[in-house]
Amino acid sequence: METREDLLVVDRLKTQFFTYGGVVEALDEVSFEIRLGEIFGLVGESGCGKSVTATSILGLVAKPGKIVSGRVLLDGENLVEKSEQEMNRVRGSRIAMIFQDPTSSLNPLFRIGYQVAEPYIYHQRRPKRQALKDATEILAKTGLPDAVEKSRNYPHELSGGMRQRAMIAMSLTCEPDLLIADEPTTNLDVTIGRQILDLVKDLQREFGASVLWITHDMAVVAQMCDRVGVMYAGTIVEKTDVRTLFRNAKHPYTERLLRAIPSAVKSADKLEEIPGSVPQLIHPPTGCRFHPRCDHVMEICSRVKPVELEVEPGHMVACHLFGGEKEAT
Amino acid sequence: MRIPGSMLFSSRYRLLQKRLHPITKEWGLTFYVLRHSTLAVVGGLIALAFIFIALFGAMLAPYNPISANIQDRFQPPSASHPLGTDTMGRDVMSRMLAGAQHSIKAGLIVLAIAVPLGVLLGGIAGLFGGWIDEVIMRVTDMFLAFPSLVLAMAFSAALGPSLFNAMIALSIVWWPMYARLVRGQALAVRETSYVEAARSRGASNWHIMFKHILPNCLSPILVTLTLDMGWVITAAASLSFLGFGAQPPIPEWGRMVSDGRIYMLRAWWMSVFPGLGIVLVVLGFNLLGDGIRDSLDPKLRRLTEVTWKPEKTSSSSTD
Amino acid sequence: MRLSTYILRRVAMLIPVLLGVLVIIFVIAYVIPADPARAWAGPRARAEQVQVLEERYHLNDPIYTQIWIYLKNVVLHFDLGVSPTTGRPVRDDLKAFFPATFELAMCAFFLAIALGIPLGVVSALRRNRPTDHFSRVIALTGVSTPLFWSALLLQFLFYYKLGWLPAMGRSTIDITRYTGFVLIDSVLNWNWTAFGDAAIHMILPAATLAFYSMGYLVRITRGSMLEVLEAEYVITAKAKGLPRKIVIYRHALKNAIIPPLTVLGVEFGWLLGGTVLLETIFAWPGMGRYAAGSIVMVDLPAVVGYTLVVAMIMLLSNLVVDILYSVIDPRIRVGGKRR
């Protein structure tokens, strides 16, 4: 496997929400890197911090939340330290995002064409008329039928799939280096979702962007991604290329995730569930956050947070089963 | 293909976001947030003080609030008459202390008639839907087509001027707002899966009304009620000011402002102090109502950056 | 749905409500009073006069005949009866007094919008900071102060104590009347002295009324702005890297303005209700003072006629607001119903 240059490095990122209920430790020292031109998948159950990772990278963590420590390096520049104005030159231009729900993510009061054209107007200073024309072109590129006419419509006049195409067009306007896709197919029906997956893959090849693909669907990971990070309760438990993950998963959580995938061989009633649910992050479990649900739990797991270990080249696992002898703190 | 449980989790989360969850279950937190809002506490204290004066004010009054005392006319505020005296030499402070009861009576009676009526009609409209809903809501629309003060004025003109008739008039005007509020809530609750579940078990409409709809309306009603207390007091005072409500010599605050109006240059205290009293009381109820609203609003609560620990943390912190 | 279709539908929906309003007025005028003919003739009327009224409005006939006659009179001739106090038809009285009230209410209305909405927006943007507290206290004090008292106090302060502003009336200079609106007529007369005079008379009443009614607007604008700032499409706009100004004043504000806009109709109704108190104190020669004066004289036709006219203005203003709303929000035209 060839090694490519890192585009984005997330280094021990820690994001917390300061709510009335206490401090929510949404991200606890999350580290991963995305290489040039690859699709990196971030997979995990709902509420494990995938979306917070995305908003942290963009510097858009919602109000009671804050990045407490860690770095986000884009081509070596630390985004966490940038001012709001500097970040505005990154957002939408070098890093763009596609959201989960195209219905609520598009402004209901503006025409589709204008919303797609905005990055042209504000990042590239194109005149408005030109920007609107270019917006129609990129809308057509995402396979929106009658793009000229549809660009004059309001969001509520389009179907869910068409809206998501518009969102994708919007994110691609400035040919970003990194595209963050936060479960863009969750709210679409299966066939349309499939079309959107193919579309993103095609466009990614054409534009040569790197993609951070957030999902909870292992099948989508298998289809889309080059490398994968598995998240659990605000931590990354395993990180490797997609083949290794499906052939040789190491972390007990990843194993259980894979066993929960239905396939043609296993019938649905034999599907395994992971017992328990994602823990509250206000008072997360001590030590390894997965230990209350783990089959292989050991004495050390509740005391010491496991460090990431490279079990084979390019395959990182954070679990005491693989080298728990060192009591690192 | 989805991870089991994740769907269920997110749908429950959405339910919470739509504010259909009876937040009244978390009274502890609500009260906590409320106590930490200085303005709400101030408002609550004013309201309490006002209720106290309404109950015992007549006993506390140092002078007779009704009988004239001509040789003491137009006394400016002094040690013996802290708020001065009026045209008939009556002590303004004593009149205000004795008159507080009329304001609170007006508020309580009007709301005691208007709120149950509005809640009942709104609940029926939302619960049964169809033509019943249509009829009730069109009637509500008709009443809401009038500015409340003007309609109350017309009703009291037809009924004849007295404090009691003014209250009747205000009650007639006030119920539609509650009908609207409860109907909206009832419509939202009717669609939820737990009401559908209750229905499939054969629960009656009344059961659904009392077990599901009313508890969900409790917090918005509480907020509206508190704010309306101030409104009704102002409206009653306004009617009195116009000559509809309390008739002399009843020491109603609005009436006192009106009586002192022509003597503004000679004895400003006659109008200024009773008016100030109204402002304070209404402000108190408004502050309290605003505070309750904010403390019940899950959205605002989420944004409130206070650390609240419902129970003592047993385990030590993680890192 | 096309905008014109929507407007037509909206107007059609108004008719049953208007009919209901007329019925409520009928109940007030003829059903509630113990002796309606006596109530309509006024307290000092002679027996023959009461007799005449009884026959004219068929007051001894069954109630459905009465309501039919009443509806015919109001709808066809806008006949609201004769005021026993002025001895003139209430319709003519109201026509003469309407411009003064409308002018005052409009001035106060625009002042309230111009102050209330920006204050609400600023309050939301500076949440829990001194600016926010300041504007909330201003709004709350305005709402909590009875209009009759603040008017009295401001009049006392700015006229008697400071002598800056006139306390009574609309103007002191006589000009040819074209429209009945002094501010407009003075411009039509090309008489700037008269315009200045009218404007100076307008300041105190309009400001008092605006101060009273803007609180609600501030509260609603603030709340809706806070909600919109958290909306996903605002996050999208931020993720696009748009300048903060564009995110707030284009994407957020256009959405946040809808809830305050929908209450503008109600707001205008409040203002009209408030004019009753205000015109009494500022000796403003409008419908409100006419109505308040009629109350003292136990003049039922005048009060009832006034109520009907105010309700009609309120219905119209709600219609205008609804149309405005559907222009801003394209979604509304789909179902014709609010979200």
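Letters A, B and C name the chains as they come in the text, with residue numbers starting at 1 for each one.
To be clear about the criterion, contacts are C-beta pairs under 8 Å (C-beta built on N, C-alpha and C of every residue); 3 or more make two chains touch, one makes a residue touch a chain.
These figures come from a predicted structure and were not determined experimentally.
Using CA-based centroids throughout, the chain positioned farthest away from chain A is C. A summary of chain positions shows that the Cα centroid lying nearest the centre of all protein Cα atoms is that of chain B. Of all chain pairs, the one linked by the most C-beta contacts is B-C.
Between the Cα centres of chain A and chain B there is a gap of 48 Å.
In terms of their C-alpha centroids, the spacing between chain B and chain C amounts to 23 Å.
Work out the mean CA point of chain A and of chain C, and you get 53 Å between them. Across the assembly, chain B contributes no residue in contact with two or more other chains.
Residue positions of chain A with contacts to 2 or more other chains are 63.
With touch defined as above, residues shared between interfaces to two or more other chains in chain C number as follows: 230. Against chain C, in their complex, chain A makes its touches with residues 55, 58, 60, 62-63, 84, 87-93, 96-97, 99, 101, 104-110, 118-119, 122-123, 154, 156, 167, 170.
Residue ranges on chain C touching chain B, taken from their complex, read 16-17, 20-21, 23-25, 28-29, 32-33, 39, 140-141, 143-149, 152-153, 156, 160, 226-227, 230, 266, 269-270, 272-274, 276-277, 280-281, 291-292, 295-296, 298, 300, 303-304, 306-307, 310-311, 314-315, 318. Considering their complex, residues 138-139, 141-151, 153-155, 157-159, 161, 230, 234, 237-238, 241-244, 254, 257-258, 261, 264-265, 268, 271-272, 275, 278-279, 282-283, 286-287, 290, 299-300 of chain B touch chain C. Residues of chain C that touch chain A in their complex: 230-233, 235-244, 246, 251, 254-255, 328-331, 334.
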